[in-house]
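Should a chain be cited, it is by its letter among A, B, C, D and E, assigned in written order, with residues numbered from 1 in that chain.
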Amino acid sequence: MHQLALPVLLAAVGRTFATPDGSREVLRDVNLDVHAGEVIALVGPSGCGKSTLLRQVSALDTPTTGTVAVGGTPVTPGDRRTAVAFQEPRLLPWRTLAANVALGLPLRTPRAQGAARVAELLDLVGLADSATLRPRQVSGGMAQRTSLARALARDPGVLLLDEPFGALDALTRLRMQDLLVNVHETRPTTVLLVTHDVEEALYLADRVVVLRGLADPATAPSAGSVARVVDVPGERPRDRADHVLTDLRAELLEDLGVPTHVRP
Amino acid sequence: GEDTSGDGEGAGTWSTDTLAIDFATYNPLSLVVKDQGWLEQELDGVRVTWTQSAGSNKANEGLRSAALDVGSTAGSAALLARANGSPIKAIDIYSQPEWSAIVVPEASGIRSVADLRGKSVAATKGTDPYFFLLQALDEAGVPLDAVEVQNLQHADGRAALDNGSVDAWAGLDPIMAAAQAESGARLLYRNIDFNSYGFLNAREDFLADHRDVAQVVVDAYERARTWASDHPDELVALLAEVAGIDREVAATVIEERTVLDLDPVPGEAQRKVLEVVGPIFVASGDVASQADVDRALDELFEPALAGEARNG
Amino acid sequence: MAERAGRRGAPSRGGRARALGLGLVVPAALLAVWYLVTASGAVPAYQLPGPGAVWRAAVDLAARGDLGHHVAISVQRVLSGFVLGAGAGLAVGAAVGLSRLGDALLSPTLGAVRAVPSLAWVPLLILWLKIGEDSKVTLIAIGAFFPVYTTVSAALRHVDQQLVEAGRAFGRGGVRLLATVQLPAALPSVVAGLRLALAQSWLFLVAAELIASSMGLGFLLNDSQQNGRVDRILLAIVLLAVLGKLTDALIGLLERRLLRSWT
Amino acid sequence: MAERAGRRGAPSRGGRARALGLGLVVPAALLAVWYLVTASGAVPAYQLPGPGAVWRAAVDLAARGDLGHHVAISVQRVLSGFVLGAGAGLAVGAAVGLSRLGDALLSPTLGAVRAVPSLAWVPLLILWLKIGEDSKVTLIAIGAFFPVYTTVSAALRHVDQQLVEAGRAFGRGGVRLLATVQLPAALPSVVAGLRLALAQSWLFLVAAELIASSMGLGFLLNDSQQNGRVDRILLAIVLLAVLGKLTDALIGLLERRLLRSWT
Amino acid sequence: MHQLALPVLLAAVGRTFATPDGSREVLRDVNLDVHAGEVIALVGPSGCGKSTLLRQVSALDTPTTGTVAVGGTPVTPGDRRTAVAFQEPRLLPWRTLAANVALGLPLRTPRAQGAARVAELLDLVGLADSATLRPRQVSGGMAQRTSLARALARDPGVLLLDEPFGALDALTRLRMQDLLVNVHETRPTTVLLVTHDVEEALYLADRVVVLRGLADPATAPSAGSVARVVDVPGERPRDRADHVLTDLRAELLEDLGVPTHVRP
């Protein structure tokens, strides 16, 4: 049995941390209404608060101001309805890859069914051969794929992915993107995806949310964290070479401060 | 307790169905009573629990916490406990031991107690050898602060004497007998009258409620006294066995250092020794006041049962 | 000093045999020194009997049928006390290590009680529990409690928060989080605490067997000290060390099974 | 049980005062129970004197000028023994935790010796070191050695290898690696080991003061046990607990300074 | 005082690991002659042994067969001549970012000089504001930049970088690439750079080494790990839009199995 895709509503979310040198405002006035089944890509400069935002949605952290609702109700830590793939793999070092993926299974999954699902997922992320290895015996990319498989194992209503393909080579990366498109098609789920790759965002997302760093002197000090939201046209699977997308790509990169004229 | 006998069923003519009593290597009669099984035979329907006491203080601890109904201690220890409020009464005198003496190494130049002036002596505070030392020094006119008393457990005192850490040791049997036999230590001064007697004590409430059973215990002790004088070799063997010591050492202890053949009724003889010890307790702060000691001396003795056993 | 960290992994069979052999070097050397100083007469036998005399004392006690009893009853007491105390230490250690309230409420008191020596407990326990088996096992359990409590609470306080968060994100909370993430992460410390607790159980055994015993290695030690039987004192020490090591090896086995994935 | 892990950080001032208050709840409750059972006569005074009687015993000893001496000499012995034993434990723990050779050579023997009780050391120490201050401090040092040795060697064995490798890559080896990476990483366990070692020092003090003492809290305890002065036994217990807690608080301060960055 | 750039020579390097399921050959017959001051990019599929190869050069691991020499002599662990930025940041959690960077300073650097260098490096990687934060208080990208600064602090003869820009957004990534070009120009050093971004490889490297996975069924079982070595024409700083590079890029991606016709 799997979860239905759920809507996510962020209302005026802000988060300020206390540090030795005073308080540090990381998120300000984030408003976002994500429909059930929608794929949202979050992009923005390093340290602008993308991971922090995902932590609010998964209730691993609590906003200083504002509220977060999933499916109309507040989230709790370890909520059955959400699953996270963290920016770091965060595998339990004393468990094999298979057992790490099994951690993602919903509680009370029958044993045989769980084992079958874990095997299936490991196969999907290309790690069927490495199921019995420990985290310290695998490469960075392998660990990252294990972490992705663990999040998928949860079959959640909302999938939170923090740069899930960052440590992957070009080919594996494309494969994993297609895997995600596939999963989303066969088992509809809402996806919040943090990525640094604008092409990836445009290939996968329905909307791209551009965040800005609050310390950035270029923006008015009163502006919120969300710099811009871009609707991506067309249905998945998209053509990576589509001209509308290449134009959008240039626009987004410009937004992020990257001079695109030097690129083809 | 680990040594339980008696089957619990039966006539039930006794005022209690349990008796907790101790045995100890420093109380040879207790070994006889336990070994012969007299209490179990006599006290039909009473569960008799035997517990070993490692020393007077342990027996006192058992009596104070009501884990023991009857326990054996040195006379001085009984007085100390009573003076500090423990409600016990001496119901029988099981021996007049000569378990303490002052010991020096074989080659020591110390010839008399007077020579101890300025020397260091090992002793265990609060035990008979310590009181023996105090009395001996007093008799020889040596003030206590003229000697350096090293507080060591009995066995450690012997070790300290052997390796020259101290010049003399207020020893206790059977370690003292072993020291004589093995390292050739010499008894510098002995005096049986400076030893307090061996007291068999019962808790007051036990005595009040179960006098019939207490009487059986005292009777058994007197029977053991007779048995001991009839079977000296067996008693030596018994002690050697239970204490895990050599037969020769056990023989020295029983035959030369223990008077079993004495008047079992607690009374004047014991009071005389304890009157010497009492003020020492007060001076050292182990008992709050002399009044406590005096009251304890008045209340400690319960001569009736032993008198009954002797006459009956 | 650095060779281990370089490359690690399960030691081979030959490696384990070699380790066993190396482990016997120090005991063998001690035995040799002991034999030499006693056989040469440098230390007289009544002060320090030689290995031979201790061996004979063992044979003698065994022939009386006592040795087996001493060992059996002590092992039984130590194991029961250890299981009780370590279990309680784990529970309270978890409460103090994971909950701020538990920490504030309990850790000051436990920090004080930790310094109360075994001998000091004896009169209190006799008062509360009389002189039966209960009081002995309780005293040993008290001894076993503190090392486990201390190491577990400290280790749980410092488990990698990223892993804890991962466990929490996948629906583990409370006892389940403890079992899935926190205890495994703290396992090396927990095992160290169990080792200390077991050793402490043996230490407290001696005090426990001051409570009205006539059997057990602690009794043998106390009684022999009372009677000046140095050979039996040494026998008791050697037996305590050997049994301590043997039971410790049980924890070693447990550790190897549990920590295989950690090396 | 889970409130701590959620959000952590340095407790505020008010939080610390509150923690202190909470920490007094259990001792206060114990004191109240003690007072009630004794004042009501439920337990007779010769078995368990009330808090008042123990206070009077303290005043009496203080008036004789003994109390301060008892405390001072015991604190001095415990601290010297602790420093020596903990230092040795750190060194040997590092050798065993980091070097395979050290592990194979020493850990079996130390695992055995760990189970030798304090009382059993007394006759051996008298034999070797005579009855002076040396033998007492040595015995306490033995007590302090094992908790530090055990926790440090275990913790060092399981330091995150990725961090060790990072240290090594940047030219840290041997003692420098230990100081830069391994000890800081193992710090929570090391502190737990120090706490246990300090507690154990107090435990071993009692055995140490069986060796030719006429001063010290261990002596007071032994002597009062010998004499059946239950009020003084309780006084000694309370003093040991309080001093144990006070010295433990010193380690707590050290811990707060060292572990600030860990929370 | 800083190290001169040093040549690196890998001769017939192989590495096989023991795993519960038998041994796993990861590197086979790697021969590579890197000139002093050269920049080499290593690309290849996830798990093909790139990180393992860097570990051989830094002597953190020992090859099962073959030899590694830096400046003509074998390397030792913690060799003063090499510095690594690991694939994971591997910061010491109990140290501030500044203190973590200071770990990279050569031993016996005078205190004041060290502090100045650390401040300078933190500024270069854009973390001057965050010097006093602890690793758990910073974002993934900030941690990665700290790790880069730590490696640069060592001023080594050979710089080993394992995906140093993987967790960075597009803009920060370009900035860091230019930083590396700058550093290489002002203080010449040999660089071995693992990356998944072929454009990055072409922008930065003199040669690109393509590794293949040994388990890959497409390659003959006897072939070594190095699939191909590509010389990159032109001097740094290069024009990212250069046509020669775009052609090379397509070629390399083809090599890595990525269908390039869907891309512009």
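Definition applied: a contact is a pair of C-beta atoms (placed from the backbone, for glycine too) under 8 Å apart; a residue touches a chain by one contact, two chains touch by 3 or more.
What you are looking at is a predicted structure, and each value in this text was computed from that prediction instead of being measured.
Trainee: Just the chain pair, please, that has the highest number of C-beta contacts.
Mentor: C-D
Trainee: What's the chain with its C-alpha centre farthest out from subunit A?
Mentor: B
Trainee: List the centre-to-centre spacing of subunit B and subunit D in whole Å, with centres computed as mean CA coordinates.
Mentor: Those two chain centres are 37 Å apart.
Trainee: Suppose each chain is reduced to the average of its Cα coordinates; what separation in Å results between subunit A and subunit B?
Mentor: Here the centre of subunit B sits 83 Å away from the centre of subunit A.
Trainee: Taking each chain's centre as its mean C-alpha position, how far apart are subunit A and subunit C in Å?
Mentor: 49
Trainee: What residues in subunit A touch two or more of the other chains?
Mentor: 77, 88
Trainee: Among the residues of subunit C, pick out those that touch two or more other chains and give their numbers.
Mentor: 47, 122-123, 127, 161-162, 168, 173, 222, 225, 233, 262
Trainee: Any chance you could list the residues of subunit B touching two or more other chains?
Mentor: Correct list: 61, 65-66, 153, 155-156, 159, 163.
Trainee: If we count contacts the way the header does, which residues on subunit E are in touch with subunit D in the complex?
Mentor: Against subunit D, the touching part of subunit E is residues 58, 60, 77-80, 82-84, 86, 88, 90, 92-96, 103-104, 106-107, 134, 150, 154.
Trainee: Mind pulling up the subunit A residues that touch subunit E in the complex?
Mentor: 17, 19-21, 43-47, 50-51, 87-88, 129-130, 132-133, 137-142, 145, 162-163, 166-174, 196-198, 215, 239-241, 246, 253, 256-258, 262-264
Trainee: For a test of understanding, state which residues of subunit B touch subunit D in their complex under the given definition.
Mentor: Subunit B reaches subunit D through residues 57, 60-61, 64-66, 77, 80-81, 84-87, 122, 124-127, 149-153, 155-156, 159-160, 163, 165-166, 281, 285-286, 288.
Trainee: Which of the residues in subunit D end up touching subunit C in this complex?
Mentor: Its residues touching subunit C are 1-5, 8, 18-19, 22-27, 30, 43, 47-48, 94-95, 98-109, 111-120, 123-124, 127, 146-147, 150-151, 153-155, 157-158, 161, 164, 168, 173-175, 177-178, 188-189, 191-193, 195-196, 198-199, 202-203, 205-207, 218, 221-222, 225, 230, 233, 236-237, 240-245, 247-249, 259, 262.
Trainee: Please give the residue numbers of subunit C that touch subunit A in the complex, ascending.
Mentor: 162-163, 165-173, 176, 180-181, 184-185, 187, 261-262
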